[in-house]
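Chain lettering (A, B, C, D, E and F) follows the sequence in which the chains are written, and residue indices restart at 1 in each chain.
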Amino acid sequence: MKEKIALLVGRFQPFHKGHLHAVMYILERHSYLYIGVGSALESHTKRNPFTFSERLEMIRLALEEAGISRDLYYIIPIPDSKYHGTWVSLVKILIPKFDIVYTNDPLTRILMYESGYNVEHIPYFHREIYTGEEFRNRVVTNREWREIVPNAVYNYIMKNKLYTRIIQLWKTDKVR
Amino acid sequence: MKEKIALLVGRFQPFHKGHLHAVMYILERHSYLYIGVGSALESHTKRNPFTFSERLEMIRLALEEAGISRDLYYIIPIPDSKYHGTWVSLVKILIPKFDIVYTNDPLTRILMYESGYNVEHIPYFHREIYTGEEFRNRVVTNREWREIVPNAVYNYIMKNKLYTRIIQLWKTDKVR
Amino acid sequence: MKEKIALLVGRFQPFHKGHLHAVMYILERHSYLYIGVGSALESHTKRNPFTFSERLEMIRLALEEAGISRDLYYIIPIPDSKYHGTWVSLVKILIPKFDIVYTNDPLTRILMYESGYNVEHIPYFHREIYTGEEFRNRVVTNREWREIVPNAVYNYIMKNKLYTRIIQLWKTDKVR
Amino acid sequence: MKEKIALLVGRFQPFHKGHLHAVMYILERHSYLYIGVGSALESHTKRNPFTFSERLEMIRLALEEAGISRDLYYIIPIPDSKYHGTWVSLVKILIPKFDIVYTNDPLTRILMYESGYNVEHIPYFHREIYTGEEFRNRVVTNREWREIVPNAVYNYIMKNKLYTRIIQLWKTDKVR
Amino acid sequence: MKEKIALLVGRFQPFHKGHLHAVMYILERHSYLYIGVGSALESHTKRNPFTFSERLEMIRLALEEAGISRDLYYIIPIPDSKYHGTWVSLVKILIPKFDIVYTNDPLTRILMYESGYNVEHIPYFHREIYTGEEFRNRVVTNREWREIVPNAVYNYIMKNKLYTRIIQLWKTDKVR
Amino acid sequence: MKEKIALLVGRFQPFHKGHLHAVMYILERHSYLYIGVGSALESHTKRNPFTFSERLEMIRLALEEAGISRDLYYIIPIPDSKYHGTWVSLVKILIPKFDIVYTNDPLTRILMYESGYNVEHIPYFHREIYTGEEFRNRVVTNREWREIVPNAVYNYIMKNKLYTRIIQLWKTDKVR
């Protein structure tokens, strides 16, 4: 297993401690990790408040803070495909050869599995706290959210005042 | 009426006994039937689990089983248009000349009616049982669903284990 | 302020008395007004029943009825962008130079603000009555809706029987 | 004829004296004119250097200069449709009811004709000089182009230095 | 080989004697044939004058005329994908399971080959005459084109006066 | 200047010695470089034969071979925008904050300049040899192309037999 190349798929809105735990879990088992950032061109929605460029910076800062070498991973955006049936081929256009896929998202799992990939679950790490949804709910209701994300992510969000965007977006009645 | 060409529009997720009843009802009244499969490129969603190619095979098997001649109908995919206001023109690109439209979907009815087509309702046939929604709900909750679809459709779904896809998709929190 | 050019963004489904009030409020403060009609290519949905061409006619009739000179405003359609992050650049392609943006929609406010524009709230005018949502709810439940819109809009909707489209669309279970 | 509403379709890259002549020709024959600006969201290409907002301003300035009342016409952008077969329905979404179409573009003529519209040719007015292509060629080769466009258009292009964009774009080897 | 299912990919603008020859060649070797009609939603361009619905009718009439049973083939539209890298997955959404692909188009060959499919050439049949390009050139220059297509196709084009569309389209300077 | 962050935009089909020269030129002047890979989702065309994942691997191998530290640059895909007028905002979604843009493409230069960016030319480095066009022409005509690209790129193309794709694509008459 150790020599295999892994792909981790997520939206990372934002990159939280559960994600960090997943990256470390995978890197214990495999030699290299592609981090595929899904819905990469989406931003300014309730579920996807951050742009890809913001997510890229947060992930890189968090992994640097955690002492994970840049020689072990690469972060690549994956736009949504128009149809679910073409999503895997979009992934192939963007991500170099990988051997195994890590994700807990049911749709990603089915699509990858039906295309012949090995798909693995990521063991949940305190999922009652460490989710993007919990993060966004706490920001909006003005509760403590600092513990959910790595320090580097907390500092990035505070410095750029990105919490205000989330609070503003919550007021919209837009479906997306 | 008998010499007129009819168009039946539906998503057929999957083709159930209500659909079969509709086909027979229309073919009693008209000489030829185009079956337009809507949202044709959608798949792997809660509302649209099956691909067009799967739906095409299921419909053909079910109509063959029912003894309906291939000389009487043709099945054509209709992708969703980007805007509702252009949908009818997309139908015209894909479906040869037809005289009358059968559908119970309110949106399809309005769009076709505003474009000058004759639009007819299809008499419901035990609609408390024979709907795609009821099928999908039963599959997900592990209840008997065999009675909802023609035997040929049941066998196709079982042989290709397509029920597992529906069960998996149910776990996602994706909006689509 | 008086010499500045303003942009008012809305969907105007339909143009109601709250919108008319907003136009008059802005024209008291600025020399010229661009009225940007959002989701311009959407139509035949619950939230967006009217086409742009219908909305254009309703707005022009209502402003003429209110005695507002055509030398003071121009109405321009703005299609939805694929991604929120590109929406402001789409606005720039379509709307000539403007100095200040009026909108109460949180998403529009954030996008314009992050692009460096001055963004102003519009004082609400009896918002418990004058909203597109209230209009559409009343039409669907067959309650009096005439008081919500300017007379010219009422007459346009009645003459073209556009209320029937709204009532029909309400029966659909489509997400959009 | 006089009471009919006409639609003039063009790209107006830029609005030249041939276009002005066409507008006057049509307004002698009909009571109202919609000016549909095609490829409305295209810009910064060799064939389509100007944005819609720039084209809108140039057309309005030229018609004002020519003394044509704003009560007689309205300018509306028409984005390209994805497929030619859906273009006419996109026009219907955007342009209020019209009775007759004026255009010399063969494709527009066929599409409108096949949809049942009356389509008329516009008599050419010194077509050896007054075309968008001639304008763009002269700008790029640094020859006199002032005579091709109305004075108001000339002044607009000079004031905003838009000729530099055309000259720059000519250097690209992009297909679009 | 005989029991294998084949896919023939082409644009069929229009279906000519070379195509008919290919269908017969393939059906001598395989038990069933899917005819995938590429660029299915394109129409009204120089290279793609006919809509899918017109092409569908022409192909069915020609195969009926040639005495080829409807039990041996099925015709399915394939829209262009946005990116070449996702085209094969679009084919999989639309066409039921096939074992071998027949096409002479270099791009289709590469895409299918890189996705692991068996790809076969079709022996050319008087390619100096039987091509869509030759057909369109002759129509436009008013030369005899009847010999290029099956009689059924000739009659369809004459009856619906579709040659006029090709002649008109030739006058456009549109790139597409 | 030294502390500024630069963006280099190109298609890198493939990454040749001219590109390598540009990267070194920029890194002498600035502290960090984002390499934006344009037309990122295009592949399998004459002008864009390689996928993004292939281009990513080639660039990383070439820069590693040249001894350029991974701490100095990051490679990010930029899909084409639907309209040129929205391209810069797509770049902003994907690329973190940058101060200066390096490109010789006229269109990119205009779009960035009109959005207020500093744009710099890259001094050409033996442009008669080191271009993607020259590379592709030599591959197709079976002439020596090894000298055009860094060794690492040569090895990657040979190992994966990617030259065959270019040769095959040259046979197509497709416009794209």
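In this text, a contact is a pair of C-beta atoms (placed from the backbone, for glycine too) under 8 Å apart; a residue touches a chain by one contact, two chains touch by 3 or more.
Note that this is a predicted model, so its numbers are computed, not measured.
Undergrad: At the interface of chain D with chain F, does the proportion of residue numbers present on both copies reach over half, so same, or stay under half, so different?
TA: Different residues, largely: of all residue numbers at this interface, under half are found in both copies.
Undergrad: Tell me which of D-E, E-F or C-F has the interface of B-D again, with more than half the contact pairs shared?
TA: C-F
Undergrad: List the centre-to-centre spacing of chain A and chain F in whole Å, with centres computed as mean CA coordinates.
TA: 27
Undergrad: What whole-number Å value describes the gap between the mean CA coordinates of chain B and chain F?
TA: One centre to the other, that is 47 Å.
Undergrad: Indicate the whole-number Å distance between the mean C-alpha point of chain A and the mean C-alpha point of chain C.
TA: Roughly 37 Å, centre to centre.
Undergrad: What are the residues of chain F that contact at least two other chains?
TA: Answer for chain F, listing residues that touch two or more other chains: 41, 43, 51, 82-83, 85, 90, 92-93, 175.
Undergrad: Building nodes from the protein chains and edges from chain pairs that touch, which of line, ring, star, complete or other describes the result?
TA: Other.
Undergrad: Can you list the chain C residues touching chain A in their complex?
TA: Residue list for chain C touching chain A: 82-85, 105-107, 109-111, 114, 175.
Undergrad: Inside the complex, what are the residues of chain B that reach chain A?
TA: 41-45, 51, 165, 168-172, 174-176
Undergrad: Considering the complex alone, what residue numbers of chain B touch chain D?
TA: 81-83, 85-86, 88-90, 92-93
Undergrad: Where on chain B does chain E make contact in their complex?
TA: Of all residues in chain B, those touching chain E are 40-41, 43, 51-54, 56-57, 70-71, 74, 76-77, 79, 90, 92-97.
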